[in-house]
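Note that the chains take the letters A, B, C and D in the order they are written out, and that residue 1 is the start of every chain.
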């Protein structure tokens, strides 16, 4: 949507922060795309991250969508800022049965303090991409102390 | 709130389903309370489940709140039914810095098809309990095939 | 997104139902577009529908977005069904200062029982269209008794 | 929940702001309770504010819940501040068939910039109070320019 980064080092900032999210490592998540106003994060299906029917737990889908929304906001933040999710809402549209998933987050509105982003999560399988979840998140930017 | 279980075996049903959620095991989560219309799930802080500042990742907090809401609905479902989250929304009220957290979910409204539950997540620390997150979730009940 | 109506009379059904929503009339709202999976509803700014600063009240923006989501679901429902909003979430992105607004709703996922739709609300003013709000809604379809 | 107002004139500030919300007047809404961290607003059923089945439109229920959440935040704001809703989510739990409704909002967490409130909306009828909707809202406080 034609977003412009205020911090020329936005990609390094996002990649360095992502590398400190140990939970992303625990889930096997990978940061795939870092452009101004847009982030993509993938995660594999793992049997040890399932819900009661053997599908990927909604918490895993939600976790990569949340991180994707947060980092999409961080791509547009000034240097020296960090971001925190204020809140998010997610609709779970289909069972998460694919072997791999991607959360693609896009900034809808970047304000001085608050940024709103949407993430769509797709299952990546033999049938191609299938939308499994849709998130909207409000993110706050704060100067790093 | 005076909820009554329709399935006398609700506790066994919930505990058996929870034991199949491998992701709860991966997070170190424990099912603490199973009463009609109410569930409590706890999770410890673990360094490998952190976000970029070393706090527990919002995805972990969300995962136990989501499971707690789903199981609070399952306590009130007829025998032979399973539940799935349709959607949820969570507000993250404070950084998740406590050594342990509890998500307490209560059914607000149990309908034939849809149940709405709220979960409050508290940090359990030296200062006592502190509210760190608040979720509302819509859950659908379906006959097990 | 390539949605197909199951009821060939979907447009008449939607228009007839909209005409019974007296609140839409009270707001001055108009049903502008009725295609399978998509609805547009407009509303004018009126001084008697304002919040404390003289902007259009968020409740007005929300009301047309809610009706648009519901009717986008109804365009895809079988004959003899009605729809009801189960829940929705809206982010208010900019003050509603334009002279006129349009809510455009699109179905994200149409299921047997539940349909999920998103509505974007734009201010229509001298500067063109400006996104002022973004909703996600879950809608339930039920046979008319 | 033991909230304390920072502005001793909080009640006058809230009542004056409410009186400028012309939309509340248009709906017939009344500000019933103004205490630190808590607001109650009532609205009557009116045939001209209905949805397609003759129930009160969800937009009306949402509007009083939104104003109640916003003003619950304003009761705790410093002097010279105004509030705006950032986002809200509402679950519609029962058809709004009562002759009168009350939205009761309580602040969950009051921060420097953001406040999170919950509003429960009850139908007030011959059977007593019945919960018809539950909202969570994020509100931002800003100095009045």
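In this text, a residue touches a chain if its C-beta (ideal position, glycine included) is under 8 Å from a C-beta of that chain, and two chains touch if they have at least 3 such contacts.
As the structure is a prediction and not an experimental result, all values here were calculated from the model.
Colleague: Using the stated contact rule, I'd like to know whether A-C or A-B comes out ahead in C-beta pair count.
Modeller: Most C-beta pairs in contact, of the two: A-B.
Colleague: Which chain has its C-alpha centroid farthest away from the centroid of chain B?
Modeller: C
Colleague: Which of these, B-C, C-D or A-C, makes the same contacts as B-D in over half of the contact pairs?
Modeller: A-C
Colleague: Between chain A and chain D, what's the gap in Å when you average each chain's C-alpha atoms?
Modeller: Taking the average C-alpha coordinate of chain A and of chain D, the gap between them is 32 Å.
Colleague: Take the average of all CA coordinates in chain A, do the same for chain C, and state the distance between these two points in whole angstrom.
Modeller: Each chain's C-alpha centroid was found; their separation is 28 Å.
Colleague: Rounded to the nearest whole Å, what is the centre-to-centre distance of chain A and chain B, using the mean of the C-alpha atoms as each centre?
Modeller: Spacing between the chain centres: roughly 22 Å.
Colleague: When you check chain B against every other chain, which residues touch at least two of them?
Modeller: 86-87, 89, 91, 116, 136, 138
Colleague: What graph shape do the protein chains here make by touch: line, ring, star, complete or other?
Modeller: complete
Colleague: Show which residues of chain C lie in contact with chain B when the two form their complex.
Modeller: Those in contact with chain B are residues 86-87, 89, 113-114, 116, 136, 138, 140.
Colleague: Hey, which residues of chain B end up touching chain A in the complex?
Modeller: That would be residues 17-18, 20-27, 47-54, 57-60, 62-64, 66-67, 82, 84-92, 95 of chain B.
Colleague: Applying the document's contact rule, which stretches of chain A touch chain C when the two form their complex?
Modeller: Within the complex, chain A contacts chain C at residues 89, 91, 93-94, 108-109, 116, 118, 131, 134, 136, 138.
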